[in-house]
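A short worksheet on the structure shown next.
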Amino acid sequence: MQFSSDNWAGAHPRVAEALTRHASGFAAAYGLSDLDRRIGQKFNDIFEREVAVFFVGTGTAANSLSMAALSRPGGVAFCHREAHLIEDEGGAPQFLANGIRLEPVDGNLGKIDPQELDAAIRRFPPEFVHAGQPMAVSISQSTEIGTVYEAGEIERIVETCRRHRLPLHMDGARFANAMAAVGQSPAEMTWRRGVDILSFGATKNGCWCAEVLVVFDPDKAVDLPYLRKRSAHLFSKSRFISAQLEAYFADDLWIETAAHANAMAAELQSVFEAAEGTRLAWRSQANEVFAILDRDRFKALLEKGAHFYEWKTPRFAAGLVGENEVITRLVTGFATTPEHIAEFAALLEKT
Amino acid sequence: MQFSSDNWAGAHPRVAEALTRHASGFAAAYGLSDLDRRIGQKFNDIFEREVAVFFVGTGTAANSLSMAALSRPGGVAFCHREAHLIEDEGGAPQFLANGIRLEPVDGNLGKIDPQELDAAIRRFPPEFVHAGQPMAVSISQSTEIGTVYEAGEIERIVETCRRHRLPLHMDGARFANAMAAVGQSPAEMTWRRGVDILSFGATKNGCWCAEVLVVFDPDKAVDLPYLRKRSAHLFSKSRFISAQLEAYFADDLWIETAAHANAMAAELQSVFEAAEGTRLAWRSQANEVFAILDRDRFKALLEKGAHFYEWKTPRFAAGLVGENEVITRLVTGFATTPEHIAEFAALLEKT
Amino acid sequence: MQFSSDNWAGAHPRVAEALTRHASGFAAAYGLSDLDRRIGQKFNDIFEREVAVFFVGTGTAANSLSMAALSRPGGVAFCHREAHLIEDEGGAPQFLANGIRLEPVDGNLGKIDPQELDAAIRRFPPEFVHAGQPMAVSISQSTEIGTVYEAGEIERIVETCRRHRLPLHMDGARFANAMAAVGQSPAEMTWRRGVDILSFGATKNGCWCAEVLVVFDPDKAVDLPYLRKRSAHLFSKSRFISAQLEAYFADDLWIETAAHANAMAAELQSVFEAAEGTRLAWRSQANEVFAILDRDRFKALLEKGAHFYEWKTPRFAAGLVGENEVITRLVTGFATTPEHIAEFAALLEKT
Amino acid sequence: MQFSSDNWAGAHPRVAEALTRHASGFAAAYGLSDLDRRIGQKFNDIFEREVAVFFVGTGTAANSLSMAALSRPGGVAFCHREAHLIEDEGGAPQFLANGIRLEPVDGNLGKIDPQELDAAIRRFPPEFVHAGQPMAVSISQSTEIGTVYEAGEIERIVETCRRHRLPLHMDGARFANAMAAVGQSPAEMTWRRGVDILSFGATKNGCWCAEVLVVFDPDKAVDLPYLRKRSAHLFSKSRFISAQLEAYFADDLWIETAAHANAMAAELQSVFEAAEGTRLAWRSQANEVFAILDRDRFKALLEKGAHFYEWKTPRFAAGLVGENEVITRLVTGFATTPEHIAEFAALLEKT
């Protein structure tokens, strides 16, 4: 009953198998091997256009180097108040992008409210050097709390960006889960809507360590090889990432694992809805479940072997929680099985 | 006949096997799993003292974060003129250590000359703020050109460091090869001599991607978790590095692969010594071979399928090379076989 | 009727006279002249202890280098939501302190609420590397909105700092005005309360350009000469700052100008209290006045030659302002005269 | 007999007078006053084209922000081995330009040799990410050792820059002295030759503190307001720099003081040429004199009240100096008088 996070799993068997398969032989280092090029080409196919891709080892690196690529001196980037970029990167975006400022924007259900975004940007008027200059907007898809931006919602964010001539970054640490949830193609969910740069995550969805920075206009990626190298994120045996991605994309494994994780989350949501004395904090569309529990019951579940965390109540959800209640987060993944869910359901019933 | 670099190989079969073995199941992320702790403990055993270890994905990261850990404002670090730190990290040490300066020091055979080092440090006198403040010395073991510091040589570097109250970093991208070459224990080659911080490389010697920053006085490592995180080098599924290292250390695989690579290099050196019209540029002790060839013959060898590079002639070796000659570098590794050497010897003879 | 800001004035005649007096002759550059030393000693006298002082040219530099001196990797500094450090330094603290994060803390009347501060710091628990590590707290004295921390209020902030082992910085851009307001000595208002490092501003209060970073424990200032130099803030003809400060301190000119500016502000507050249809937003104790005006009347005053700005309504004051009203800020200084006030009063009456 | 440096003088009387004249009254802060605009316009006149100018307080800031403006990730800037940028800025260029590397280039008499420059740039081939990417070339006019680039010499540097598509920066800390030496107009010495960005120094030549970053193509200066602010170099009472420059330019004071300083240096050179047992190290064209003295005689001169420094022997001059000899530097300035020279000549004769 391990629901702590989707990074507590290891790697999908087919990913491990690919690593073994590519372990022998020699190939050019630093991303110049045939395999690296083939996987690079695969991204063109997936996104239905030529893109520039940069493999890195952590989601923090993909997000921070995206910010570095968009960085301007005195730069201010706008993200949702709960965004991983602000809350969980340990200052890496600020450091790797030369001291930028991340400005929180409010919005319900983990999504930036376009009007709040517009108001936030206006607090940094052009040429008022004392406040800093807006440089980018970042959204997470799926969001930190399991929700997913609809196409129309992204379009309204993009409109606001365009009004202020700002590029849009998408943190896709759980990109596949979002795709599976809304049934859109990678292109539809990104550049066709106006997204300029994407952190494409594969680690949580079945790889050991495979994150990709995707720049939709390759002409704008000219400095990225140097940004990656100067932050020490260029792997010598880069093909070990390509090998993982080869398996990840083969036979649409990534869609399959994401859909599976989402389905497990849906089942887990049903468990909470059916159980007495609990309720969902909000409906998740991806692979995270947020449930409200009595604090004592939460502790009892932990003691009995369930693994999941309390979730800091987001500002927008402040009114949802009673005095002795906590919001908890349960994450499913490619390694979650129906048996795990059933075991948890049984435990919840008797606790 | 692939002698381009030791990072053109993949991973040792036992490393690949370990990755597969640990791919299933759940474990705490971010380096807190049992396996991570066990491998951490293994480092204490190997170095015969309690050390603080930080896993990262690239040698550039290990070196740059070492510099960041030792960094002081306006800091100047001293390395050999040919050091990887200066020549091959793309500015990462300067960037990740907040704008430090790397000052080249001369010395024969890729090793810092202690007197040159002393003179270099004296060019930055204490409290002369305009020049910057000395912050650290870094040596490579084995060096960029296959030589290895003897114990006495390290001691003389350490004496110079102590005279100026500077810590000593060792770039051990090929640490195991150096150990195998001089037959010293890890402790003897590092902290017992006065080394303060080590970049311990395992990637070139059989792993996919496993580099470890080792701090010999754990009390001085208090900021390193944050330095690693803020540069985006903390892996979520950190145990994929631990898994590689588990296999790397088991049954002394790392000693075996390093000794094998060195032996292959020795054999290759014999090939050059036996061949007509070629000679060694200098004698290597580790897994790199530097041979002087006529330029036309070098080109012919490449055309016939041998893979190795011309090596930029180091300052100290300027007199060694004739007009139409080039210094070439050939690197052996865990995946080099006697057959590769024999094949190359045959090719060399008839070219 | 110039109330735009206290940096719209030039320099006090006695400051200008000192610059002329010291313009001839030769003296050691980079802060090593006799005059520089004498002014350094003067700071010891003023603060009743040995302090380390560093002259810089801007308040932004004093604040940012204070942060740099206290900086830790992944560092988070806590300031009031309206603090100059967050709102008006154009990202300089983040940049010069290696990518730190400035975390806003709420509190009424421009002062940090100690309980809010404690809660804010607790959101960054020790060893939770993903959030960053708390590194310092900063308060402004006087505050951005003309209020002044009482001794007891500073003590409660210090208690919170000590509980979390954090140093306390004071932004004293208007330090003299605060002193004049509360009638405390420099020592009482700073290190005797627990302040560790101070940005001591003299520019707004009569100098052309003279800001001083004061470190109360000189042992902790060892890196500051390098921090100042590496950010290009070490003046060659440093004595031009010392010359200004010589005049600034002679015959307590600084106390006199600050008290005068405060008195002018008090008079201006009386004008608003006496006038019909206006009121103070809150009572200022220093040299800034915040008055609520009908927006049309505000515009009319500007058109008729009064110079002052609308003030962005702070969060805590949101309820104070009616629909067509604005909060305005009027700043007095050493160059403000009773005639300026009288002229404004007359204008207000008839507008 | 004060020849230590041209920054040991104070300010020219007319500069001091201007500061007093502008001390009263109110004017817009942060460089937006009428005076600031007028001085900005004056730069257009002086350079015979529209330029973008940014006032800062130190030469280190002008140089470092020039590098920041030209900075690219992993950037490498090329300067003469003796350049102030490398030797005397305490790491500020590296820090303020996000961790760039400054690569020394050799050349006789303090001037970059175009062939050496070309060879140095070629050591950083395009797309070889491990070495870093060339970003700019910087020359000093006049140089660190009193020599001046002829027009043809600058052109050959520019050709090399253009071949590698690199912009050219000129460190003009002693720009007026160079102009006076070669009798060229500001335009002829800069953008008409191909210089892109200039550090225009006025401090050494008669101001207290007035350095100006001049960008010849204003379209390329769009980020500079933010670069200056984020490094804390935007003065609030910016007009105190404009006031100095008003006097500096009025009636060509700057040309007059520079020509005077150069003439004093020429006279001092004659003194050394006429004296027995001394000789010039090389002929200076600007306001610095480099003379070779017996070490004992040098010490005796210091003891008898002459103030000047030993100069570290540059690489190109290694053969010029005998065993007990030192190269010394003597600097003249606007405040140097014929009486100072005569006094020194008399002292030299009897020592």
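Note that the chains take the letters A, B, C and D in the order they are written out, and that residue 1 is the start of every chain.
Keep in mind that, in the parts below, a contact is a pair of C-beta atoms (placed from the backbone, for glycine too) under 8 Å apart; a residue touches a chain by one contact, two chains touch by 3 or more.
Molecules present, by chain and UniProt name: A, B, C, D = L-threonine aldolase.
None of these values were measured; they are calculated from a predicted model.
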Exercise for the section: Report back the single chain whose CA centre is most distant from the CA centre of subunit D (L-threonine aldolase). Expected result: A
Practice task
Using just the Cα atoms, superpose subunit B (L-threonine aldolase) onto subunit D (L-threonine aldolase) and tell me the rotation angle to the nearest 5°.
Solution key: 180
Handout entry: Between subunit B (L-threonine aldolase) and subunit D (L-threonine aldolase), centroid-to-centroid distance (C-alpha), Å
Key = 41
Completion exercise
Here the gap between subunit A (L-threonine aldolase) and subunit B (L-threonine aldolase), centre to centre from mean Cα coordinates and rounded to Å, is 35
Exercise for the section: Please report how many Å separate the Cα centroid of subunit A (L-threonine aldolase) from that of subunit D (L-threonine aldolase), as a whole number. Expected result: 50
Problem - Residues of subunit C (L-threonine aldolase) touching at least two other chains - result: 73-75, 89-91, 94-96, 98-99, 129-130, 132, 226, 229-230, 234
Completion exercise
subunit D (L-threonine aldolase) partner, complex, touching residues on subunit A (L-threonine aldolase) are 30, 68, 72-75, 98-99, 127, 129-130, 132-133, 223, 225-230, 234
Problem - Sites on subunit D (L-threonine aldolase) touched by subunit C (L-threonine aldolase) in the complex - result: 2, 4-5, 7-13, 15-17, 19-20, 22-29, 56-61, 64-65, 89-92, 94-96, 203-204, 208-209, 226, 229-237, 239-240, 307, 335
Exercise for the section: Would you mind writing out the residues of subunit C (L-threonine aldolase) in touch with subunit A (L-threonine aldolase) in their complex? Expected result: 73-76, 87-91, 94-96, 98-102, 129-132
